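Common to both upcoming complexes is subunit A, partnered first by subunit B, then by subunit C.
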Partner chain A sequence: MNQAIGHVWRIARLTFLEAVRQRFFNFLILLAVALVGSSYFFRQFNFGASELRFIADFGLGGIFLFGSILSVVAAAQLFFSEIENRTALTILAKPVRRWSFIAGKFLGVALLMFVFIALLTTLLGLCLWWRERQLIVQWGDQFPLSEHVRYWALAFDGLLQWLKFDVLVAVTILIASFANTNLYTVIVSFFVQLICQLQYIANDRWSGIKAAWARPLVWLLGKVFPNFQLFSIGDLAIFPQKVPIPHTALLAAAGYAAIYIVVFLALAVFSFSQREI
Partner chain B sequence: MSVPAIRVTNLTKDFRLGVRGIKLRAVEDLSLEVADNQVCGLLGPNGSGKSTTMKVILGLLEPTRGHCEIFGLPSASVAARRLVGFLPESPYFYRFLTGRELVEFYAGICGVPNNGRWRRVDEVLELVGLTAAANRRVGTYSKGMLQRVGLAQAVVHDPRLVILDEPTAGVDPVGSLAIADLILELKRRGKTVLLCSHLLAQVEGVCDYIVILNQGKLVAEGRVRDLLRREGLTNLAVENFSPAARPDIEAVLARHGARLAGVDDARVSLDRLFVEKISPPPADPPAPTEGGAP
Partner chain C sequence: MTIDRSSWFWRRGRAYLITWVVLVVTGVAATPLQETAWNQVKSRQPDLNLADFKDSVGQGMVLGLLGGFRNVMADAVWLRRYYFWEKRDLPNTEALIDLATTLDPRALEFWDNGSANIAYDIAAWRFYDERHAPPAVLDSIKREQAERALRFLDRGLVFHPNNPTLLRDKALIYQFRLNDLPTAADQYRIAAEAPGAPSFLGRIYVELLRQLGRNREAFDYLRNIYFHLPPYTTADERFIVWNRLQDLEDTLKLPVSERLPLSDAPPGWHPPPPAAPSAPPAHG
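On to the complex of A and B.
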């Protein structure tokens, strides 16, 4: 067992290293950094919201957009490169179990996503802190408390986003485990992400559905696809007057994500074990 | 009697193609044994089932029927794969790693202990002649260097069985000879080698035993010298042969009930000739300088 865990860690490290040394991913991360960093300069287009709120929304939007692209493309690319370059053949001819391979790939991309989220959340925090200092100097005591940024909530939101992207990575690896092309994996994964983002609608409508055949179907869809809106509660807490968040929210979200990740990866292992490389 | 390195028993492998699941039989009822410390050549035209057989031996494919063992262990088991080193055909390793990092990665995967792992990595890189390029990225390696780093990763954990799929594909004759020498060195160290190659001259040069497949079936197997021997004919190598001596030689042979079947010049292989011609001449001793100072 120890050796299998060692294999997972070595494959994860290699996957992470591959991503870090690829120009495409570095470019994507730099683009995301530029977008989040530029939120400070776009604050005049705030559509009536306060400046700090606009910076936060703009930055979180950037993290969501580039995080979604990075999780899907990185998971698909780093998985398929092993198949297309036949490096999977060399690894699996060694004493490596297929579940170790899948788990290693997942962990490597999850590590990449952690670095991505940590980098962008820190950058967004710095942008907010810088502008907040300027506003406090400018307005003094008149600067309303309700506009003060809660940085712990920003970090909390970062963790939730990371969990959400990890679920998306697991979905992508599941699709890649049976798909024949990288492009198919990327397109289907983005569709699944869209469904997961809008899944709450199915949950909301379920109680109101009258047709007997549709109720179990909608219920099933609500269970099969994770509800990504559950990971969006963090951004509500960044400013004080918004809805308070229960202390157990992070734990609950982590548990929710862990269940989906384990199930998706178990299905990926089953599918990959049937695959002839 | 020792356990054979590879034992394949009644192996049949079918692939299902397309959505209708049309069956393609890649290997049919194949049985073979490769003895320990033997160099065995697996030969056959394209599509003869060589790669499929190799993948089943490596535990990468499930047989439809039959089974395969490596040193008595089921080939799909992790324990069996610890005993095997594998070089795939046209290997594309992680281009972003250096040769040394790559071999270290596989050493770790194969359970080479931390203590002394880097030393072992350097040893195998030296064995395959890649010490000078060890710290270069694999992406910058030539085809021959890729094959050599592939060999290094295949033997880094000191496996008892080494499986080589087209190890000299795309490699120049000098590189091919180096790989052939390496295979012989592995045999000298007590390893078993299963070699899949289309270069028949090379197979003949390094293999003790060959297995020939065609359309998924075994068509011939045996020791190389037995299979290639022409019944009733023996070669004599004669130095300074003079055609004038021929009648006398024929008379001597006739007295012993033998007959001279032909006279031909002895030849070296084209590979050897090529290597001899392009090898740099031995360096001349440095000319003495005035006063004897270097």
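On to the complex of A and C.
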């Protein structure tokens, strides 16, 4: 078992290092940092929501956009590079089990996503903190308590977003486990992400659908794909709410992601074990 | 007929079936966790509650896809609305107001300004287009636009419950567009009693009560306002309220025992000097 864990760790480490060396990752992280950092200057473009909420929303939007691209493209590219360069054959010819290979790839990309999220969440936190200080100096006691940023909640939101992207990475690895090309994997994974973002419509709508044939179909759609919208519970917790968000709800979102990560990876192992390389 | 278990169809079919069954079972098993978090999200983000929208599926897609950039898009849409507003383009102005409020219902300005656009500006554009029409047609336009604005504000109040600005907007529409003073008065009272409402809303309510001839009600309400004026109220504002109370006492011809004692007058207040007798008309 220790040997298998060692294999997983080594594959994960190499996957992470390979990803970090890629120009794509560096370019994307630069863009994301620029976008999140610029949220401070975009605040003039804000008509309604208070300034700090606007900065938070804008920064989280950047994390969502670039995080989605990175998790799908990195997972697909790092998986297929092993297949196309035939290094997978060399690795799997050794006493490395296929599940170790899948788990190692997943952990490597998950680590990459952790670095990405940690960097951007810290930057967003700094932007918020900087502006919050200025507003407190400007307004003094008049600065409403409801606008104070809860930095622990921002950190927890970063963790939830990381888990969400990990689910997406697991989905991408599942698709890559049976797909023949990188491009196919990337396109299908983006479609799956789109469905997961909109899954809540199926969930909310299925009981109101009158056509008998459509109801089970919509129900199925709501059950097969995870609901990515529920992870925005972390975004909501960043500012104080009239009724505080129960911690159980935050933990439920984390548990929900963990279940899907395990299931998608198990399915990827099952699918990859049947694949001829 | 036997099934060839080594065939591509069997192997792939079995893999697909297992994948789908596992995912459905996972979906069912994870439902309690999903519900716990999702119910919290939905109750705090009513914009994700599709029942609130007429054409909900299309709008739900927009909301779901934009993620954190919804507010930025809403601001861009709101700016674009000005372009159509300047051109007096009715359908596009209204469509963009709807879109902006759907994308970011938290922005109070969208609801406040949007309702004014619908009730006053668009009504004025339509008046101009129908300027040769009989007054009854113009009246019906005014009413129609006012009712649209009221429905719009009711939607806004779902996202900003008890907001004094939106409640005041409703009162203004009842007062000036529908000429329905009793309902306008009620709306001003509701607005005045909302948390964080400015005190002048209560005074407008009193003024409408006076116009409706409900002077006793107006006096009781104003007296209550007077004794609960916030500490930062200026001396001039206190004088205004006190003078109106005295006017109402005179109008109601209240006996001295029911009038407010002068000791309750705001500090620094002096009774106005008696009016000078009017000069006799000049002759010659």
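The rule is simple: the second predicted complex is superposed on the first by the 274 of 277 C-alpha atoms of A that agree within 3 Å, B and C clash if a C-alpha of one lies under 4 Å from a C-alpha of the other, contacts with A are read in each partner's own complex, and residues count from 1 in each chain.
Here is the rule we use: a residue touches a chain if its C-beta (ideal position, glycine included) is under 8 Å from a C-beta of that chain, and two chains touch if they have at least 3 such contacts.
Everything numeric in this text was worked out from a predicted model, so none of it was measured.
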Simultaneous placement of subunit C and subunit B on subunit A, clash or fit: fit
Partner chain(s) touched by A:V96 [first = subunit B, second = subunit C, both, neither]: first
Contacts of A:F42 with subunit B and subunit C, given as first, second, both or neither: second
Partner chain(s) touched by A:I201 [first = subunit B, second = subunit C, both, neither]: second
Touched partner set for A:K223, first subunit B, second subunit C, both or neither: second
Touching partner for A:N180 - first (subunit B), second (subunit C), both, neither: neither
First (subunit B), second (subunit C), both or neither touched by A:D57: second
Subunit A residues touched by each partner, larger count belonging to subunit B or subunit C: C
Which superposed partner A:R86 touches (first subunit B, second subunit C, both, neither): first
Minimum C-alpha separation between subunit B and subunit C after superposing on chain A, in Å: 6
Subunit A positions touched by subunit B in one structure and by subunit C in the second: none
Residues on subunit B engaged by subunit A in the complex (per definition of touch): 15, 58-61, 78-79, 81-82, 84, 86, 88, 90-94, 96-97, 105-106, 108-111, 150, 153, 163
Subunit C to subunit A touching residues, read off their complex: 11, 15, 18-20, 22-24, 26-31, 33-34, 36-41, 44-45, 48-51, 57, 60-61, 64-72, 74-75, 78, 104, 106-110
Of all residues in subunit A, those that touch subunit C in their complex: 42, 45-49, 53-54, 57-65, 178, 194, 197-198, 200-201, 203-205, 220, 222-227, 229-233, 235-236, 241, 245-246, 248-250, 252-253, 255-256, 259-260, 263, 266-267, 270-271, 274
Interfacial residue positions of subunit A with respect to subunit B in the complex: 3, 6-7, 10, 14, 17-18, 21-22, 85-87, 89-97, 276-277
